[in-house]
Each structure stands twice: as structure tokens, then as C-alpha cells.
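Which chain is which? They are A, B and C, in the order written, and residues in each are numbered from 1.
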Amino acid sequence: MIPSIKQSSGFNTIYKSYMIAFFIFLAAPLMVVAVFSFNDSQFPSFPWQGFTTDWFFSAEGEKIGIFFDSELLDSIWLSIGIAIVTTLLSISVACTNAFLFERFDFPGKSFLYMLMLLPLVIPGVLLGVSILVFSSEIANYLEDYWFIDLESLRPGLTLVIIGQFAFITTICTLIISARLKKFDRSLEEAALNLGASPLMAVFTVTVPFLKPAIVGAAIVSFLMSFENFNTTFMLVGSDAPLTVAMFERLREGSTPVLNAISLLLMLGSGVLAIINITMSKKSS
Amino acid sequence: MSNETTIDLACENISKHFSDFTAVDNISFTIPKGSFFSILGPSGCGKTTLLRMLAGFEQPSSGDILIKQKSMVDVPPNKRPVNMVFQHLALFPTMNVEENIGYGLRRQSVPKNEIVERVAAVLDRVGLAGSGTKRVEQLSGGQRQRIALARCLVLNPTLLLLDEPLGALDLKLREQMKIELKLLQKEFGTTFVYITHDQSEALVMSDQIAVMNKGKFEQVGTPHELYYQPATAFVAGFVGDSNRWQGNIESADSATVLVSTSDGLSFKAKIMGDEAMSAGNRVEIFVRPEAISVNRTAPSTATDNQLVCQVETILFDGAKSQIIAVEEESGGKITVTLPQTSDFANLQQGDTLYLNWSTEQTLCFIDSSRGA
Amino acid sequence: MSSLRVTSPFKLGLWLLLAPLCLWLVLLIILPHLELLVFSFTEPEDGSFTFGFYQEFFLEPLYWRTFVRTAVMSIMATILTLLIAFPVAFYIAKMLKGRSKGIVFAMCLIPFWVSELVRTFGWMILLRESGVISNFLQWSGMSAGPVELLYTDATIMLGLVYTSMLFMVVPLVSTLDSLDDSYIEAGYDLGGTNWNVLREIVIPHAVPGIVSGCIIVFMLSLGNYLTPVLLGGKDSLWFTEQIYTQFITRFNWEQGSAFGLLLLLLSSLIVWAGLKLSGQSFAKTMG
């Protein structure tokens, strides 16, 4: 089964065909999405009506291209904003978590570590509703007893950010901890030995070492936030981020403008993926 | 004490206990300015703990560390006039050579142009002028050693600590770096404290060596003293190669004893150590292979110790080749250096050898391993 | 005295680092779920204690059947994903070397960086009545009229397998990567057949990867919402949909909380059983 063990050519052919079939299976849905974004038709399906870039660039008429569809454009900006804030929050907490779990010993550490992993196994829908219920309870309490109306605790942007932060932090913590685990403590000692204060040693030696992991975690975090649906869907208010907006349109019946935006998303996430993969290769 | 100002480091009764284990046990010593001081011992003897206490990474449980007459116990590692070359060098992988060497200067807020000058100067002195912009991974093992040294020396430390820095190098490079380190130490005039488990490193480079075992210093002395006048059986066994026998004292006078070994040989030996010896004591005897003169014919004059043996095996290792010989009657074995003369060129297994050596070179210690 | 100097900033640092972790876990994970627990046992009219919402779940066949169906289909999807992914992971980890390995592995990863919504949308275009496959079948004469391939259980299964493939392939590749080739060679050298070597050397070594892959895939399938709703249509009967309906459509938060906790209980039970059976630990498997 490994190259050094010869197999019959039939076995090899079957195995290779299986791999090819697998990659066709992986690529097929993405390919059709991309191809139909250029179909000159109101529907992203056959018959093929000819090639057009209207679904990207047309400003008026029956076909409104993605660059002129203000509703979708707004939702893209909204998603980007949410993703940036979520990423900043998650990365900061993930860094402190990584140092806590890698550098300190304290009673209850393994229990806290388990709790920290928990968001990975809580279904996103559930995470969403639990935060929805909890924040609404607090909001009701504040309103009833203190007469404070805290809009940010009602479904809306703040809650979406909080909900995504709740599970993305775990993933970022794992990525950054893995890198910190590889850090040779004697480098920090060397910094102290050369006259750096403990805090200075961390910022001049440890943080630069962690940088590839921090950037990698930030990319993952940005995409996870940008593409999140389950948690977001439970917590949105009147402003819909991109995934929610696309979902609503998909249910109404879609035009190829959705293919166009999907193609853009694929290009965007593909570029980020390649950056991330090459970076993680470099750092290891 | 007129020479007080010339003492760079003084340790006074320092001990370090971990919960149920004593790593360093009440050690005192002083190191004069500008000397190369080695601490030699097997792994686990406490030498790394001692070094880490000097650097400030461990706190002594009791005792005091004085550098230039100032107590260091309450001084954090980043405020001590001590720099360290780490076992795996700990060169910062995120910085190039220049940035690595300038790290300590930047922490002292030295002006930028002065940093550039001093870094260039020290690179020149370690023989790596012009490689400031190289990345650490681009350097060879020997070059990395020199960068790690330069990174410390640029700060003009009172004391430079070295934690087995040659351990990771291959044999050839290690031999070369030994000489280079010694020369650099002479040139910079910095006091070096070097720890190692490799006796050859310690013997070649040091002015003074402390042999450490189980948290204590067994002996402090020059390489010559350690080799020829070991104070304890441990030092005799640890420093250099020796034939080693256990046996009982048959008879004793004020300076010499007659010992019969457990494998049936019988020697005249010199009393070492500070314990008194009398007949019946269990003792250990050490004879260096190169102290034994080897002949193929019986010598005409009698010496203190002589044996007639057969060659059992020849361990060929160039100039360091040895013979393992067996005494016929007792079956006792002895290792001697293979003389590099033409007489021995065709030496074969089973050939007869006449061995002899003096009492002076037969060192006898009370056997502490099984109790006297 | 000297030890104090060292430990006090250490202590301070510990508290400073513990604070964000505890705030995050307590405020966003523990308290919200406790709140769900309280909700699910509370009568909304007078705030009294009640089992009613759990009773409702067992009495209404639609609810518990959806629940069982979701669990069974998630388990099936997990097994199917494992069966499909294992040969792929083995090929990447053991048959390929160097550059081609990196490229093929990356080709495996990149599709999953794309939003699940886009991937599901792709399947809709492929499978619907006017879709690519239906057209292909008509064009090739294998079918007389349009074929609707969406809105069946098989479609949901396909979507679930596709969506979670990456989370099976990655842990499998990393554990198989750590299996030294010489073990496999030794297996053959000692007279093993393909099947022997696979069963006695490769699979036992890959158990940690299989377990963590299965746990993640199972959790993702169980908690999935998009795929069943979009590919399964109105009759997808997925339990997360029930939770959504109770919370958002019917505004029956108490019932929704009870459903949510049942789902959490089910997933914890199955994950726990999986770990017990395979002798793995949670922290090791996930971390």
C-alpha cells in the first residue's frame, strides 16, 4: 500500500481513479457555482443562454450585478466589520489563554482546559440561542428594575459578535497554544540574561516567535466569522450579514447574482487559504 | 586580603534544595578575575543548577553569591553583570545576527550608531566580520557558537557562564572550538565559568577545574593537579582513564600500602585522600594506562610493581591504541597504552608482555562505595 | 524573602490571564446554558417548576421522531465520511511524497475554506430539477424527463458528508503521517497481506485520528442547519430546525430550551460513549 510495496497494476488504477473521483466530488459544486455566474439568464441553471459578465458589472435593467446590488454590498461590508471586531477580540483572548495554559500551573487547570474546548462541541445553533436567551434575560432585568434599555443586548450586531467570539476564541487558542508549545523557554531566559525585563522578554522574543501563528489564527478567525451562519442566524437583528442575506435570497429563489458573489467569496477565501497554508508550512 | 578586588565571583555556602532532593549542597568557592573556571561533573551532579543560580534563574535555598563583592541573591537575572551562553545557544530565531548581538545593547538603550559600531567590532573580533545581516539558520554550528559568545561579550560582562555549549557539535568541530574558546577567553580577558561533563573539554581549556559530584565539589584545582593528584576516588575515576581495582590492604606503612585485589593481583600503592589506612581496609586502586611501561622482554631491574601478562585484545585507535592484557595465574586484567614503537608493530594475541610501574603512580583510596 | 519577589509578579500574571478566560467561559458559555436549563423547567405563566416541556417532547411523535432521525442520520453520515475519507487520507499521507503531497493536501483543504452556504448552493445547482445532473441525464437519454434529486434523505446525507469531509481528512492525514513506513514494511516483511497490515498495523495506529475526526463530524452533522434545510427542503425534519422554529417562529423559548438541552445531552452522550469505547480522552482528542 505504500510506494515501497509493489501492488498489482489493477489495484493502483482503481486507487488512482478513486482519488480522481474524490476530487471531482470536491470540486463539482464549486465549479458549477463559478460557471453559472456567467450565464446570461435569470436562473443559475440550464439552459445555457450565453456568456455574460452582467451579474458582476451591470448597473441597471433586469440584471443587477453584484457591484451594484446595494443590499448585498451593504451586507458584505457589515460582515467584514463583524469579522474584524470578532478577530481582534478572539486573538487577544486567545493569546492570554495560550500563555495561561502553557506557562502556568494552578489547581483546576485541566478542568478549565476542558471547559475551554467545550465550544467546539456545542452546536452553533445552540450556542446562538443560549446567548440570545441569556442576554435577553439580562436586558429584561435591566429594563424592569433599573429602567435602562440596553439595545446592544437585543438581537443585533453586538450579539452576533459576542456569539461568534464565543467559539472562535477556542480555535484561535488552540492554534496559538500549539506554536507556544514549540517555543524554547531558554530563549526567554537568554533575553533576561541579556538585560531584558520579563515583560520586555515576552514582547521582544516570544511574541515575534508567535507571529506566524497569530496571523494564521487571525485569517482562520476572519473567515470563520465571515462565513458563519448557524450562530449568526440566531442572533441577527434587522441588519443582515452576508451569509444571512444570501440565505434569505436562496430561499426566495436565486438569480446568478448569488453565483457571482459566491465566486468572489471563493476567490477571496482561496487566496486567504493559500496564504495560510504556505505560512503554516514556513513556521513549521 | 590584598587580592579581594581581583576576585570576580565568590559563592558562600550556597545550597539548593528541591522538595525532596538536594541539588547543590553547601558549596563555597572563589574565582579570580580573568580566569577560565570549569565545573566538571556527570549529568545530574547539580552543576546546571549551580550555573542557573549564578545567572539568577534559580534562587539558592541558603548561602550567598557575591559578584565583585556585591550580593546577587536579591538581584533579578536581567540586572546581574553576568551573561550566559546556553546549552543550545538560544539564538533568537526571529532576528538576524546583528539583531541578536545588539539585543542586550538595545535593552540598555545604547544609542543606535553606537550599537552598530560595537556589534561590528565584536563580530570582527570573533572572526565573523560582515555576516551581520545573515539569518541564524544560515550559519554553521561553529559560527553559531561564536555569535552566541559575541552576543554576551559585546556587553562586557564581569562573568560569562557557559552551559555545555559544545555538546551539540560533532567531534572534529568540538576539538577546534575548544581551542578557539580558550583563545577568545584570553583575548577578551573575561572570567569564564564553564560547565561540562566532558573531562577533555575541561582539561584543555581551564585554569581551574572544580569536580562536582552529588551536589558537592570533590576537588578544586588545576588540570594538572586533578590528573596527577586526585583528592578522591571519584576524581581519580572521573578524570582521565584508569585501571581500577578493588581490594584489601595486606599491610600499610606511613605512605604506602600493599594491596591484594579481588581478582588476585597484588600491588604496592601510594596512600591518597585524607583517611587513615590500615591492614584489612577495603580500598580502590587506580593506575593510568600510560603510566605503565610495557616491554616484550623481562626488564633487568626490579620495580615496585610488575606483572607478566598475555595480550588478550588490542583496541586499535591510532595514537590512543590500548592493549588489554591478562595475568596468567590470577586471570586479572589490566589495560595499558600500546607503545608506538616498532617493537610492538606485530604484537599479537597471546604474546607475553612484561609490565612495570612505580608505587608513586599507583593511587590507593579508601573504598567508599561499600563502606570501609 | 527572595522567593516572594519571584512569586508575586507570577501570581499577579496568573490572575491577569485567568480573568479573560473566566469571563469568556462563565458569561458566554456556562451561564447561558444554565439559563437554558432554568428556562426549560419553568412555567412561563407563574414561574413555577415544571416538567411539561420535556413531557411535550416525548408525547408529540413529530418531536422525538425528528430527534431520533437526526441522531441516526448523523451517525450514518459520520460512518460514511470515515469510509470515504480513509483511503483519501492514506493516499495523501503514505503514497505521496514531498511537493505533490503538499499540493494534493492543499487541494483537499481549499474547498472547505469556502462558505458552507456556497458549497450547498453548488449542490442545489447540480441536483435540482432544472439542474446540471438532471439535464445531463436527459441529454444522454438515461431519463425521459426532468429528475428532481433534491429534497430526499440521500441528498441530505450527501450534503452532510461533503460538508464535513475536511474535518475527517485532516486528523486522519496527521495521524497516518506519524506512522513510520517501516512499520508497514515490517508488516509485509513478516508475511502480512494488504488486509492484515491495514487491520493490525495501520488502523490501530490511526485510532486517535479516527476518533477525533468522527467526533467532530458527528457534532457538525448534528448541529447542522443549512444543509438539511436547503437540501432537504420542507420535510428535512432536522432537530436544529425544530429548535429554530420554537425560538424564532413560535417564540416558545421554554420549549426551545428543552429541545436545545436534549440535543446537547444527546451529543455529549454519544461523544462520551465514543471516547469510552476507543479509550481516548476528550482533551487529547480535541486539543
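Things worth noting here:
Simple rule for what comes next: a contact is a pair of C-beta atoms (placed from the backbone, for glycine too) under 8 Å apart; a residue touches a chain by one contact, two chains touch by 3 or more.
Fair warning: this is a prediction, and the values are worked out from it, not measured in the lab.
Using the mean of the Cα atoms as each chain's centre, the chain most removed from chain C is B. Should one ask which of A-C and A-B has more C-beta pairs in contact, the pair is A-C.
Each chain gets one centre point, the mean of its Cα atoms, and the points for chain B and chain C are 60 Å apart. Taking each chain's centre as the mean of its C-alpha atoms, chain A lies 16 Å from chain C.
Chain geometry summary: the mean Cα position of chain A and that of chain B are 57 Å apart. Counting partner chains per residue, chain A shows two or more touched chains at residues 198.
In chain B, the residues that reach two or more other chains under the touch definition are 76.
Of all the residues in chain A, the ones that touch chain C in their complex are 1-5, 7, 15, 18-19, 22-23, 25-33, 36, 43-46, 92-93, 96-97, 99-100, 104, 106, 110, 112-127, 129-134, 137, 162, 165-166, 169, 174, 177, 198, 223, 226-227, 229-230, 233-234, 243, 246-247, 250, 254, 258-259, 262, 265-266, 269-270, 272-274, 277, 281. Those residues of chain B whose C-beta lies close enough to touch chain A in the complex are 55-57, 76-79, 82-84, 86-88, 90, 92-95, 103-104, 107-108, 151-152, 155. Note for the complex: chain A touches chain B at residues 184, 186-187, 189-198, 200-201, 204-205, 208-209, 211. Across the complex, chain A is touched by residues 9, 13-14, 16-18, 20-21, 24-25, 28-33, 35-36, 39, 84, 87-88, 90-91, 94-95, 97, 102, 106-111, 113-126, 128, 130-132, 135, 162, 165, 181, 184-185, 188, 194, 197-198, 202, 215-216, 219, 222-226, 230, 240, 243-244, 247-248, 253, 256-257, 260, 263-264, 267-268, 271, 282-283, 286-287 of chain C.
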